[in-house]
Amino acid sequence: MIVVLSKNISPRAKELIHSYLKDRGFSVREQSLGDDTIIGASGKGAVDTRELSILPGVERVAAASKPYELASRETRAEDTVVTVGGASTPAVKIGGSRITVIAGPCAVESREQIMETAAMIRESGAVILRGGAYKPRTSPYSFQGLGMEGLEYMKAAGEACGMPIVTEVVSPELALQMKDLTDMFQIGARNMQNFELLKRVGSLGKPVLLKRGPSSTIEEWLLSAEYLLVSGAKDVVLCERGIRSFESYTRNTLDILAIPVVKGLSHLPVIVDPSHAAGIRAMVSSAGLAAIAAGADGLSVEVHPRPDEALSDGHQSLYGVQFEKLMRDIEALAPVVGKELVRTPGKYGK
Amino acid sequence: MIVVLSKNISPRAKELIHSYLKDRGFSVREQSLGDDTIIGASGKGAVDTRELSILPGVERVAAASKPYELASRETRAEDTVVTVGGASTPAVKIGGSRITVIAGPCAVESREQIMETAAMIRESGAVILRGGAYKPRTSPYSFQGLGMEGLEYMKAAGEACGMPIVTEVVSPELALQMKDLTDMFQIGARNMQNFELLKRVGSLGKPVLLKRGPSSTIEEWLLSAEYLLVSGAKDVVLCERGIRSFESYTRNTLDILAIPVVKGLSHLPVIVDPSHAAGIRAMVSSAGLAAIAAGADGLSVEVHPRPDEALSDGHQSLYGVQFEKLMRDIEALAPVVGKELVRTPGKYGK
Amino acid sequence: MIVVLSKNISPRAKELIHSYLKDRGFSVREQSLGDDTIIGASGKGAVDTRELSILPGVERVAAASKPYELASRETRAEDTVVTVGGASTPAVKIGGSRITVIAGPCAVESREQIMETAAMIRESGAVILRGGAYKPRTSPYSFQGLGMEGLEYMKAAGEACGMPIVTEVVSPELALQMKDLTDMFQIGARNMQNFELLKRVGSLGKPVLLKRGPSSTIEEWLLSAEYLLVSGAKDVVLCERGIRSFESYTRNTLDILAIPVVKGLSHLPVIVDPSHAAGIRAMVSSAGLAAIAAGADGLSVEVHPRPDEALSDGHQSLYGVQFEKLMRDIEALAPVVGKELVRTPGKYGK
Amino acid sequence: MIVVLSKNISPRAKELIHSYLKDRGFSVREQSLGDDTIIGASGKGAVDTRELSILPGVERVAAASKPYELASRETRAEDTVVTVGGASTPAVKIGGSRITVIAGPCAVESREQIMETAAMIRESGAVILRGGAYKPRTSPYSFQGLGMEGLEYMKAAGEACGMPIVTEVVSPELALQMKDLTDMFQIGARNMQNFELLKRVGSLGKPVLLKRGPSSTIEEWLLSAEYLLVSGAKDVVLCERGIRSFESYTRNTLDILAIPVVKGLSHLPVIVDPSHAAGIRAMVSSAGLAAIAAGADGLSVEVHPRPDEALSDGHQSLYGVQFEKLMRDIEALAPVVGKELVRTPGKYGK
């Protein structure tokens, strides 16, 4: 790490920077280079570069090493391929040269609804079933999900259709309860920096789908992935779902270029949730197709047999026929980006 | 709630809007007004207006009632005055025409450090002691706090100096353990939408300091307060600490006008954390003074006896003499904004 | 337009709202609807709804009519097809079911450079030549362009290769001088709300490429298009080039969903500048392909024969072979989105 | 300037970075420091560090020197004090330990209105008269100002009350026409990066009030000040007026901490426009007082004798009695921040 000093730095400020770095485990060497005086800090120290950069007398900080390690492509050059399911359902892979599509309703509403949806999306080519049993909602007065009952319906639907399932976990206590019922945990956007949850879920060793917080930088997102990996998770999939900006025509601003950025920085697969990004059905397919064109490893799409009756997010859920059309378009697009759409065997496979 | 329809809305879309509202518990009435066709929805229904506003055929949605109720000034016109402590330490009030100052280190580092800091800030006029025992950190490799041991040091320091204490709680499981040791729970910015945590903490009935999430709208912030109030909390204090914007010279962008906005919308007290907003010592006092000038009910300030040795956030912690100067400036400013600085009796009182 | 009143509005505030609306040319009618009291304002009045919405006693404002008219799809349902060139070069169309690709260097640097680039992009299938003669630069110390001399080189290159040209205009005075040399004016992102420039350029009646300001809402962008159309322009093409957000890994955040949003709100063609959005060569092709997948009517891409020697923006300019690959990918993608890539006749046509 | 290289940089990429820097006028030296390989670039070269930072193989860029020079406090350590007026009206100073208050209506509407307003604000202690003759408006259908006629009314009002005037200039052509009628030019927020306008206005040598663009970083703002200074302006005053964020309760987000940041980076005075920042009368005084508490050198406040009848921005204009109260509060606050409110002699002076 390099610290460039201000031209008019006081001796006292310089001394403090030296001790700040030494206290955090770095060995330190100061020297002139061209017009500048710089401090090189090396070793296994840990520091918040943001904090360092606003110390008096620090002009700029340049960290050559990333603050995350296990998630970094420098640590592992080849793409990680994550496997979901494989016990009571077929194993599905995410990453590499595959396009993997996860689909299902926003929330599990009843045994019938999830069963019907599962069959419908399976028919169109989705290979993992999504659905919320516990729903974190901005308002305490909104539908909060069916809980463990909903999760059991999901598991049954997944097994009936031969698809592993993914569902959101909202507290450390629930993670343990849900462990044997789900094939993959989802960490929702609002919990991306709920570090206690990350540590607990990571320690369970199951695949995790980590959504990006709506105002998280890519670096913070990868640091949250690092929490999961350090705690024991091996199979982490990143999911971009839109960030918060000043524009309010769409629910969020889909950060489409986060896909190539993350693929450069990390070996983890990255998929996109076009439903939350767009927030309105009419734009979900455009968002999904753009994501694949930009290099995403897959999608997580909200689909509902009767969106107008959905208890949550119906306005952004696709109808079955729209989803089928999207899957056909993805299949046509796949070779343009050098990928192949994942199909699994079984009674619904093709 | 009023829904203004698009001029070229289809009959099918109109029908869907009607049933969308009815399904969510509203009684519905459509009519023309001037150039527009509108639907008035009344009753006790619950709806995400953002969702509603992007349904096909909806031009705009205008909700006359706020989505929060217990936190709203419409429900309670007079200012809420929150009382913290009162058992083993003097009771301290926040709200009304008072300015209440909370101070202490970012993190509890040792028994000596917290004891020394407590005495120092008490001498300058702070009336509540802050300090982190559990630290949510962006990186898994950063110092994570002393845990329950740290909390015990804080309680001892608070009692020794006659000040109630406030500390951050990071998971539902810990809330119960911490309950008898702290006088006030703090919900940190990153956990503002950790709804399971809000429900648990709210149910314990103790005072809560609710920090605003760095990318949360004021409405989302008040909805998180509503979670606390609905769950059983009575004494909620809001804390603005800066939002995320494109500007990177400061750690966050202090949303100074959130203070008068929130005071108009809600009866809850609102204080400011100038330390996290500024992120650098040299600007903390300016930020604190500006907050009081804008109408804040108090501050929560990071102070450390030797900031350069702090294990976290030392760069934004004030020295004792700076804090003392800030307190004097606040005292001089108080009458300009029609308020009075809170002093409590005891061996350190004045 | 509907104004929903606060429940506790004072008679004085209500009276002021009435007169505010009447003063601005509306006829006004107040009534109760469900739980709410509302004012319906109709007629040809003009009002900034943002201003209105923060008047005391106003709860929400819901404007059924858009603030722009000539740019609105409500005024004109079918897609506008813009024609560029046609005098000394072939006419090229933008809009409808076409994909039209504009390409060229960031800045004209010399007669040879623009001539070489023009031939190269023409060979790969671009049909309009872009290039900056006047360069608005953040720093007064950066290269500011060759001026009229550069524009003459461009015109010569366009004619030699049979392509109309588009170039940026930075002041009202220059617009008149440039009129006979360029086939299309570009209004740059930083000048999107330079209203004097919009009025002058609009009055000249030539095609205009209007880039979105980096922090402009879609509504403000369409209002700037309205300035052009009101002033006399008939052929306006919108160009999304990324917005400013908190994320700094990319130069800007490409607002990919602005494409379907704008196509819903307006009849004007919308293209994307993937070079400025991405800001780095390695991501330009991903951004461009994603834009086409999301429904854009074309691209404006920076290409340079030797990007490493470019005087500006070389780091985001494609090499010839990269551009050729992108064009092939677009051609393969076109049928998936129901479009066709524009080819023009001539010695470089296919 | 220091460039830290990626650990896995290719020889080709390294070579390109060297030539990129040499081509831009730097002398270059590469070396190892601790774990890192860095390139030090020195000399009078000019480079966009953002561009440089995203070149392949560049990990981070750290520029020790600011991209602006004339505006930098490194170039001039003492505060610049700007003098406005002094010919037909008394000279008024801005900067140093003064608080200078500019006030007046958003727009000049008639001779009587500006005369009445001028007398009113003079009575309360304002020392410079503001008012818009040319109004840049988001919509082409909004009131665009009285033009030169309005400016003549302003000049007459300023002379009658003994106050210099400041008014906005919206195009290079108008700058010359307005030169002899105004004492100070205002560059509006939307024109902050209208570089042709900056160059022209700067060349006229009069005092300039430079508003910050709503999405401009502090660095971009200072670079625009640099354009003015390089072109010949000597007396530049910066004006913070709120930035664009995701929060929509206020018209803009007042970046209160920009004040101490700018005072650290630059020697130029910085004032605040609380009217545009707040966007609603009820919060203007809070914003103004907070700005002074944070260290601003003054305010520019919208005041109108009858705000409800104002042709623009009446909702954010103070009534005379509110302005008088604000001035008294500022006077009481001034000694707390070590400043004094500017009063000028004359028939309205005190």
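Order of writing sets the labels: A, B, C and D. Residues in every chain begin at 1.
Everything that follows uses one rule, which is that a contact is a pair of C-beta atoms (placed from the backbone, for glycine too) under 8 Å apart; a residue touches a chain by one contact, two chains touch by 3 or more.
The shown structure was predicted, so the numbers you read here are calculated from the model rather than taken from an experiment.
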Each chain counted as touching chain A and chain B at once: C, D
Far-end chain from chain B, centres as C-alpha averages: C
Centre-of-Cα separation between chain D and chain C, whole angstrom: 28
Chain centre separation in whole Å, for chain C relative to chain B (CA means): 41
Distance between the centres, which are taken as Cα means, of chain D and chain B, whole angstrom: 32
Residues of chain B engaged with two or more neighbouring chains: 215, 244-246, 248, 282
Of all residues in chain A, those that touch chain D in their complex: 1-2, 4-8, 27, 29, 31, 33-36, 38, 40-43, 59-65, 74, 215, 244-246, 248
Chain C - residues contacting chain A, complex: 215, 217-219, 243, 245-250, 253-261, 264, 277-278, 282-283, 286-287, 289-295, 329, 332-333, 335-337
Of all residues in chain A, those that touch chain B in their complex: 16, 19-20, 23, 46, 48, 50-52, 54-56, 67-68, 136-142, 170-174, 190-191, 193-197, 213-215, 220, 223, 226-227, 230-231, 244, 251, 279-282, 308-309, 313-316
